[in-house]
Amino acid sequence: MRLFCFCISVGVLAACALTRADDDAFRLRVTDTKSNLNLPEFLVKGSTVTPDCPCEWSIRKITLRGGKQAGSELIIVDNGKTTITLIPTRGMGLLSVVAGDLTLGWESPVKEIVHPKFINLQTRGGLGWLEGFNEWMCRCGLENNGQAGEDKFINNVGDEATMQLTLHGKIANIPASRVEIVVDRKSPYTIRVHGRVDEKMFYGPKLELLTELATQPDASTFRISDVVTNKGAQPQEFEMLYHANYGRGLLEAGATLVVPAKQVTPFNANAARDVDTFDTYRGPTLGYIEQVYALRLYGDKQDRTTVLLQNKKQDRGVSMSWSLKQLPYLTQWKNTAAVQDGYVTGLEPGTNFPYNRSVERKFGRVPKLAAGASYAMAVDFGLHVGEGAVKSVQARIKAIQSGRKTTVDQEPQKTED
Amino acid sequence: MRLFCFCISVGVLAACALTRADDDAFRLRVTDTKSNLNLPEFLVKGSTVTPDCPCEWSIRKITLRGGKQAGSELIIVDNGKTTITLIPTRGMGLLSVVAGDLTLGWESPVKEIVHPKFINLQTRGGLGWLEGFNEWMCRCGLENNGQAGEDKFINNVGDEATMQLTLHGKIANIPASRVEIVVDRKSPYTIRVHGRVDEKMFYGPKLELLTELATQPDASTFRISDVVTNKGAQPQEFEMLYHANYGRGLLEAGATLVVPAKQVTPFNANAARDVDTFDTYRGPTLGYIEQVYALRLYGDKQDRTTVLLQNKKQDRGVSMSWSLKQLPYLTQWKNTAAVQDGYVTGLEPGTNFPYNRSVERKFGRVPKLAAGASYAMAVDFGLHVGEGAVKSVQARIKAIQSGRKTTVDQEPQKTED
Amino acid sequence: MRLFCFCISVGVLAACALTRADDDAFRLRVTDTKSNLNLPEFLVKGSTVTPDCPCEWSIRKITLRGGKQAGSELIIVDNGKTTITLIPTRGMGLLSVVAGDLTLGWESPVKEIVHPKFINLQTRGGLGWLEGFNEWMCRCGLENNGQAGEDKFINNVGDEATMQLTLHGKIANIPASRVEIVVDRKSPYTIRVHGRVDEKMFYGPKLELLTELATQPDASTFRISDVVTNKGAQPQEFEMLYHANYGRGLLEAGATLVVPAKQVTPFNANAARDVDTFDTYRGPTLGYIEQVYALRLYGDKQDRTTVLLQNKKQDRGVSMSWSLKQLPYLTQWKNTAAVQDGYVTGLEPGTNFPYNRSVERKFGRVPKLAAGASYAMAVDFGLHVGEGAVKSVQARIKAIQSGRKTTVDQEPQKTED
């Protein structure tokens, strides 16, 4: 019953998910498999498209060569202040965001933008995803977004069968089937990159992901908006996790997560040991074993929430804001390992926690879409430089918390019977 | 013993498998890995090659871009009346056949012509093939052509080992190594597309598939002829299934299969429920679970047989004719699910039924080729528009049946001991 | 403890692994993913680069088209006497070496240079590597280089987990990320092809392989030098095996392996049957099951050793020389099967024997690299034509053996408890 209601509400949300472009907006189709179109390279300049805009911006595309990156495509949006690099080839993931000397991203041991043709998600017991993982923001999903391992599914003869889910799902290793640039010609000259990624198969999920990156000239903020649609004729589960990753530059010994937490639960015994300091980070630590926390957050009256990752001096930070109606759960992944091994933390709003889907289903955290139904999600990002800018976000989060209590669980959630 | 005889007879059949081109025929090598040749695009026009032919025909090739179709190649044969699209990149499969408003093909939830580099046959417990399945006619084989699951093989140290067979085998996801266009310059100006697909490995099958599509200008018929050869030095099993799929346009509520059936056996309990109406189809039915029937057919004096799929009004149909010596078994796959989930029926002549190879081997239905031996198979297709045309095929099939009895089994064949 | 010492000594060896080019050497960067560079084709001529060199040499690159070789790249070094073909796309493997009518290489049933995008190492119970295997010299490694099957590893949450190792590891199916040609402009005009292949992942090995092929104009000798470096922050196991394969031309009934053997141990019971004739070869033999021998060799005072494969008449041979400090173990793979099935022998110096890594670890044969440490290996190859040339190598090997005793084990090493 609850799930059915879920499906209904979803249609409403979807309508307002993507930004609405002006009718006379500049449009450039970059990729469209239906009309057999793909532009390997281009450069669009603000001076041509929006001559009245005082800030020069540009969008260009390049195709990578050599090694495991051969054939991977990048779209680089420079809004005049902030440079955002997207990877259509890897499910419209975002490689990095750079504004001045502040970078969103991290140093993975994987250096190339690995083309999905070189990825076998099933290797290493379902951990093959890790051979390509180096994005700043990587979507996890859509059939599943969590841990590798066995789950049930209904096979072609209608029987319940078992399959091995692979870590974090497929979507980050599916190339986009449609990509379009849309820029308003009037102030505030909104710049958008739209993508469509299909996770569809016969006798399986028929999920379509529409993505949008939207920013404006000279801005240090941007929004990621997505709509997932079930194109099949039967109800379909899905999961989405925004795996946003931060390394050196923001992350350091004494960096902290500011978060309006209602409840903090360690993922496992190793995380439980340090649950009381979940919101502070260590410097690079040789042999550090990941610690993951399941966070339930407070929202404002519209159920919107904000989190902030800030450096030790609290003069640099990144904020993420979203609706808890869309993404009720936040996963915090602490991996403050040695730099060469990947010094990084992930802040991951999701439709669920990234336990194996069988666990999430048991706890009622796997949304289901009716035939034709859609589910919209959006996350706003802000880059904050200077004590004042950071303080201002701290204050917003404090206002959301509004003195309400945080429960810190000392034990992980029991996932087995 | 029986298998050995099989091998002998095979050599004889092979000789007459492919059509014989004129000595001075027009030849265009499209792909040849040996000479490092591949033409990404071309257009051949009948007016140039066969200026005396009254009917204009053409053959062109395109290479697809974007999404999961990036790099897939299509060869489009337009004989002036019928347009046949081949996919060299997917084992010389046939995407569709269009003649006027009659189309052979179906609407799969998979829309792109997926390049094999994006396919992992082992996903979903061996069902990865379903991520690319949208062809009108897709060959299944060659090492195995049936259900996924465990079977035995002899490994490199000579021991019996187990492997997980994947659904419908590999051949539809192996790109052709040699492709050639051959057109006779004299009437009837036969147009041919030849392909060679290698399913070869060290310590494994060394099977070579030669394919031919043959048609003639202005025809609404065409033939698919194949020869499978064991290039290894030791006897080698193989399996072949012609997975021809039909959707809306022909398939509809009340569409029927006309077939000179000797015996009809349901594949499983779900199919058994409706075995008495195996030859009639429903309209799109939400939640329909596939029903599969194993058919043994009668042939004429030369052991040739014909089947017909016709629409409800019986004024449109497609016929398939072949030798029961080559392809003794017909599998009928009914999947009259909702349109979005894939409304389709497969008519699949084969060397065997598509049970797991271990089952087929037990029932003696897996042919074995001696070293160097070949096995030839051909299927003739006809598109029939108008009541008269359809009636004429019905009559041919009735003549083959010749009043002989059809046994309809109420229970599936027992596949386990 | 022993392993730690191992790590230390490794750093010293690495320093002298690759040849030192002149400061003003000719350099051509062929591939560099960091600067997004890849030259699909080129031709470098000795007459231009080294005008004073009396012997004309050339290096060219081509990109293959069609079938499963689509996108594979070859670099062909012709030193004026010997032509050496490298495959950057397949981990810098070497396809063949041709000098006059003497060829190093073999006839695999796999004819194309298979691009890794068509390889799934996990098929057939971990034997997918065999679908691309046709190189003269193919590196096996780096995480593991031996038999497929289960082994332990530490997963992302710090737990011991199991993974299925795949036959001979990944490195031969990883495209090079950096390739450079370096040629000295002064006598002896050393010609080098450098490559870098990364076997790196998050939560897994971070191993970097630097390769060098070095030869000189008009030479019938060449050297392969490699350095493996652990780029991670924690100790990392690795394994390397030089899988050099020889077929008809050298291999024939009566061909022999001349080897300064200290101990010869059959790999399994099938090999044990013929252990007393391990050093002689049969002609192509239908149904021959591979026989593998683990060889421990004597070295000279510098611990260098040499082996020779010679034809029956002992007037043609190939020699391989290396340091037993670097590569203490030699595996001899006899596969004198029918020509169509792959008539071949492999002579495979390695850091270990190619048992499953779990076996090798148990016997202390898996080296471990400290963070940042490197391990250098080099093998010198010589082509010998004429009785005198072959005799001279025989004499060198005899001098190494120096009358010392060879132990021939009648039973395989026990690999299980």
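As written, the chain order gives the labels A, B and C, with residue 1 at the start of each chain.
By our rule, a contact is a pair of C-beta atoms (placed from the backbone, for glycine too) under 8 Å apart; a residue touches a chain by one contact, two chains touch by 3 or more.
Small disclaimer: the values here were computed from a predicted structure and weren't measured.
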item: Pairwise touch network: line, ring, star, complete, or other; value: complete
item: Same or different contact residues where subunit C meets its copy subunit A, judged by the half mark; value: different
item: Cα superposition of subunit B on its sequence copy subunit C - rotation in ° rounded to nearest 5; value: 120
item: Centre distance in Å when subunit A and subunit C are each reduced to the mean of their C-alpha atoms; value: 42
item: Junction residues of subunit A - those touching two or more other chains; value: 117, 120, 122
item: Footprint of subunit A on subunit B - complex, ascending; value: 62, 64-70, 108-112, 117-118, 120, 122-125, 127, 130-131, 133-134, 268, 270, 286-287, 289-290, 337-342
item: Residues of subunit B touching subunit C in the complex; value: 31-34, 36-38, 71, 116-117, 120-122, 153, 155-158, 161-164, 174-178, 198, 200-204, 206, 231-234, 371
